[in-house]
Each structure stands twice: as structure tokens, then as C-alpha cells.
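Which chain is which? They are A, B and C, in the order written, and residues in each are numbered from 1.
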């Protein structure tokens, strides 16, 4: 019944596209994180001429589908000769470059809100305590606000990372040959939808599982103060329930 | 051609087509939300079940639909649907290729994805309704049905609305992916208009603006609904 | 000895409004070295705001602060608000004023020891070994040496407040500010914190204590300031105030407290 030859052949073809999916993911996630730091810094600023553009950015990228953002960058920007002759064209002329830019800009909007949520959760008293011992703004940011924010934002960021893995699939629609792109190609050639789907789904599920495990490991490392036993360092991580995907 | 002409509702403009497509997007999202509500509440019930096997099924559902790219799920339903429909067609003696109706496939695929997120919302809302309130209802002798209708549902609503607002927005954006199987909704219409007029930038901006209007408006509506529902919770109802 | 050297902290004419409500209407107070000053008053009398204005956690609308002979530079901005003009100086000033909060405000992601060494290490930039050694002495002093690796979440309120006191002491401050240090504690935990504060007073620390603890005000402090409606209504030695009952408001305040104690 089960055609193992076809399954393994499909799996191999899909795995050959995994590096593309992975590099899309890592490139856009890290670029997006960097960008989001700028956006959130503007967003929480007291000056309206900084915070309003950031609000607008967040609204724009969270309020529209990623697909239209990607198409706008891929098809839309190439229309302008000014862009075609600028240094950005090196990146924007390739589907891969466009996909990374779109994914990064989109995730930056979501990540900025996640970080802002973390910032708002820092108890004001702990900030005051820092001020009261004479900490400078940077020391306060680096020693008190940063660590607390990081710990608070991590679970949401883990969810965002999983959403990003899924979003990389959209890059296949601007002709990037990632796992989903190859899967679609095989399906159209063979019409053996179920088998191909199972192989591709398995790859994404394993990837997401690894990300969630990694994130909850980091979270565990960062939250000794929330664990049960105060003194002894527990050798084996307690059986914590992993956050569902 | 200038922008006004491109977007006009006349013969050469795309205004009417885009407006109709926006209607399609709303219709598709609503249908998906209903599918998601039905399946999602079943999944939530499974997750809250005392039977381990049901909890297991609920968890697997979440892992699958929240972990697999939306696009793959859509392909599965579209191409898979075609295969199944073809088989049925041939069974009854038909011939040739059968196309799957893209709206049905879209509502189903996006709806099932939406269900995995809605399940989480309903589950959280159920858990937020104080257990004591249900026990109080039991204590005054309400039947199971009455407890669900009179105590649980009015309360679950209150806790679920903010989460549902998010799911709605997510589903609205996911609906754009149905453009890949040829359903003429907002994304597809923007693509067609962009391609035929060669005004890619303009039409993707216009399409994006339409989505912004839809997400913005629906966000407003959800906020209004939330304040309505929250009203019973204020300490001073006149405040 | 010269009077001006003896004065550790001098604040004058502190005014502060929140919106249209004037909370402080020109408060002046001098603390000499070794003074333990209790600041009493009904809630809403502005006593906590006054304390927070001293280390500029709240910026006063008017006023002058002199710590250790050094005037804190402040300027009116375009909107007429008074703001410190030298951030470095404010940071340095705060490091010389130890603050103990009502709600402890320990850093939740740091252990007890890390909480205590944080200030000396990062602000005073002293060596880690030195900081740890001193922190351990302080922990012995507040009786929490065995809890040095605990996180705040694992401590009782009284223990947390004792850690907070040790954290403030680790900066070796000129003046200690206590903002209702026992108000957030369960009654049975108040004693352990008051004991630590009494021992600090006996060491000759300069302390400003906003409190509701009449016993502490009467028996530990050497001066009592009674605030009402944004002004200092009465002040003097504990005997002068509690025996003399100089004003009607203070009489009522003491009466209501005695009533509560007798309930």
C-alpha cells in the first residue's frame, strides 16, 4: 500500500530544500529582532514624532497580510528606476532577498509589540529601586529592565518564532525554492498530495518542536527565581510542561 | 492613467472589482470563523475532557494546525480535495478532471487553522470562569444545560472576546493565502489588477490599504463589543 | 564643631502639586549627623511624597536640597517645572541616600546576595570580592546570612524588607530614607524589621523614617516631625510632642492611634 520508494524520494528532495527554509528563517528572525529593537525604542519614546511613526509601522505590518507585503516589495519596488539603480537592488532583485526583507519587516512589527509588553511588565518599584541606588539609565536598562523584559517576553517570542517558520513558506510564492515550494512542485507533478504533504509537514513539525524546546530551555535557564527549590541547583531539568505549539 | 482613473468604478477602473473582492474576503473570513468556532469548541472540549484519549486528540490537533504552514494545509485541501472529488466523480461514471470549489476549500482550510487558535481561546475562557460560579449554579439545582446556558456561555463570551478579536485578525490575514488557489478575493483581485495594468506598486498599496481598513474597522467593532460585554463587570455600572 | 559640617541633609521650601492638588506647601527640614527623625502624619498628608522628593524620585516644583554641603543643581524648564540639571550629580546624590521602600522593591531576578552587591559593584564600581565580603557582613547583621542564595520570591515580607535594608546599607549612605518600611508587612513580621532599624539608630546612622509606628517614633527617634495637609504642623523631641501635644491636629492624630492600638 505505502510506496516507500516515493516517500523517501520525496523526503530527500524536500530535505534538499531545508537549508533554504532554515536560512530564510534565521536571516529574517535575526534581522527582524534587530529592527524591532529600533521600532520599540521609538515606540516607547516620550516624543510623539518618534512614537507615532513607530505606531504606524506596527499598525501597517500587523494589519496587512504578509503575502501582500512580500508582493509589494518583490513586484512593486522593481517598478521604480530609482530603486533599480540604488545599492538596495542587489538585495531586492532576488526573490530570496525580497522574501527576507519582507519577513524581517513583518516580524519586527510583531516583535516590537512583544518587547513592549515585556517592558510594561517590569514592576515600577524595581526601576525606582535602581534609581534610588544611583544607577544611570544604561546601567538600569542593562541590569534591571533588560533581564526582566527578556524573561517576560520569551514565551511570546517563542510563539512568534514558530509563526515565522510557518511564514517562510510564503516565500515560495515569489519563487524561492524552499520546502513548501518544492512540495508544491512535486504535488503538481504527481498529484500524490497526501504523501508529499505528510513529508513536508513532518519537516516543519520537527523544526517547530526543536525551536519550542530550545526556547523553553532558555526560559528555564533565565528563571531560577521562579522555580520551586531556592538553594540547590537542580541537576536534571524538572519535567516542565512545554508550551504547546 | 492616473490613480483616480485606475480605481474608478467605470469600465476601465478596478474600483468595483476590488470592492467586490473585499466583500469576498469578508465572506470567506466569516465562513472560516464559523467553521473554526464549531471545530474549535469541539477541540477545546476535547482538551478539557477527563478522558486522556480526548485530551490527546485535542493536543495533536493543535500541534498539527499550529505547526504546519498555512500554505501547505491549503494545498492539501485543494489538491487532495481534487483527488477525492475526482474519485467520487469517476465512481459515479463521470469523466475528466474535477475542480474543487475554491471558496469551500478556502473556508475549510482557513477555518480549521482558525479552529486551532480558537480552541485555545475557548479553553482559556472556560478556565477563567470561576469554578465556584458553576458550583453555585449546581447548588441551587440548575440542570447541566441550564448551567451551560445561564452561567457558562455568558461568562465565556466575556473572557473569549479579546482572544477572538485576535483570531479574527489572524484569519482575515490568512484568507489572503486562498488567492493561490484562484479565489478572487482582495489579494487575488489586487494581483490581477496589478498584472493587467502593470501598476504593481499602486495596486499592492491599494490592496494593503483595503486590508488595513478591514483590520482597523473590525478591531474597532471588537473593542466596542468588548466594552459592552465588560459593562457588567464594572464596580459602578453608572461610571 | 561647625554647624554646617554637622548638617548631613538640608532641604528647604519643598513644594509639590499633582494637577491642581498641592501636596507639599513648602517643607523645610535639616537632619544633623546621627539624627533619627520620624515623620508622622495621616495618609494623604504628603509625607511619602516629601521623602521621594528628597532623592528626586519625584521632582519637586520648588525647593532646594543640600546633601553633605553640596547643593543639588536644579533648573526650571520651559514649562516652569523644576528639573535636576546635572544627571551625574543626581546619580551620585542618590548613591549617598539609602532608600528603603514600603513594598521592598527587591530585584526579582537576582538572589539576595546579588541584590546587595549590585549597587556597590555597578554604581560605586568597587571590586566584586570586596562587595561580597561586605554584603556577607551585612547579611549577618540583618540575620539572613543563610538566605544569601535565595531569590526574593522565596522570602517572607519581613525577610525581604531586611534584605532591602541591607541593600541600602551596602552603599554606605550618608542618610537612610525609610518610606513606611513596615506598612506592607503582616503584624507578626513588623518586629523583626523594627529591631534592625533600632540597631541602626543605635549605631548613629542618620535616618529619616516615614512611619505609622508610634512606638518607634517615641522611643527610638530623637526628633519627630508631624505633617498635616502639606505643611509641618508640629515638630520637636518625642517628649515635647507626645507629652506636650502642642497642636490640636497632633492631639487628634495621637488619640486616633491610641484608639486603634486599644481596639
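Criterion: a contact is a pair of C-beta atoms (placed from the backbone, for glycine too) under 8 Å apart; a residue touches a chain by one contact, two chains touch by 3 or more.
Remember, predicted model here, so these are calculated numbers, not experimental data.
Using CA atom means as chain centres, which chain is nearest the centre of all the protein shown?
Chain nearest the centroid of all protein C-alpha atoms: A.
Among the chains, which is located farthest from subunit B on the basis of C-alpha centroids?
C
With chain centres taken as the means of their Cα atoms, state the distance from subunit A to subunit B in Å.
Chain centroid spacing, subunit A to subunit B, equals 23 Å.
Would you kindly tell me how far, in whole Å, the mean C-alpha position of subunit C lies from that of subunit B?
56
Please tell me the distance, in whole Å, between the geometric centres of subunit A and subunit C computed from their C-alpha atoms.
For subunit A versus subunit C, the centre distance works out to 46 Å.
Going through subunit B residue by residue, note those that touch at least 2 other chains and give them in order.
Within subunit B, no residue touches at least two other chains.
Which residues of subunit C touch subunit A in the complex?
Listed in rising order, the residues of subunit C that touch subunit A are 55, 57, 87, 91-99, 101, 103-111, 118-119, 122-123, 149-154, 164, 167-168, 171.
Contact residues on subunit A for subunit C in the complex?
Against subunit C, subunit A makes touches at 123, 125-126, 128-136, 139, 143-144, 147-148, 151, 222-226, 230-231.
If we count contacts the way the header does, which residues on subunit A are in touch with subunit B in the complex?
Within the complex, subunit A contacts subunit B at residues 59-60, 62-69, 71-72, 75-80, 162, 165-170, 172-173, 180, 183-184, 187-188, 191, 193-194, 197, 200-201, 204-205, 208-209, 244-245.
Which bits of subunit B are touching subunit A when the two form their complex?
Of all residues in subunit B, those touching subunit A are 59, 62-64, 66-72, 75-76, 79-80, 82-83, 120, 169, 173-177, 179-180, 187, 190-191, 194, 199-201, 204-205, 207-208, 211-212, 215-216.
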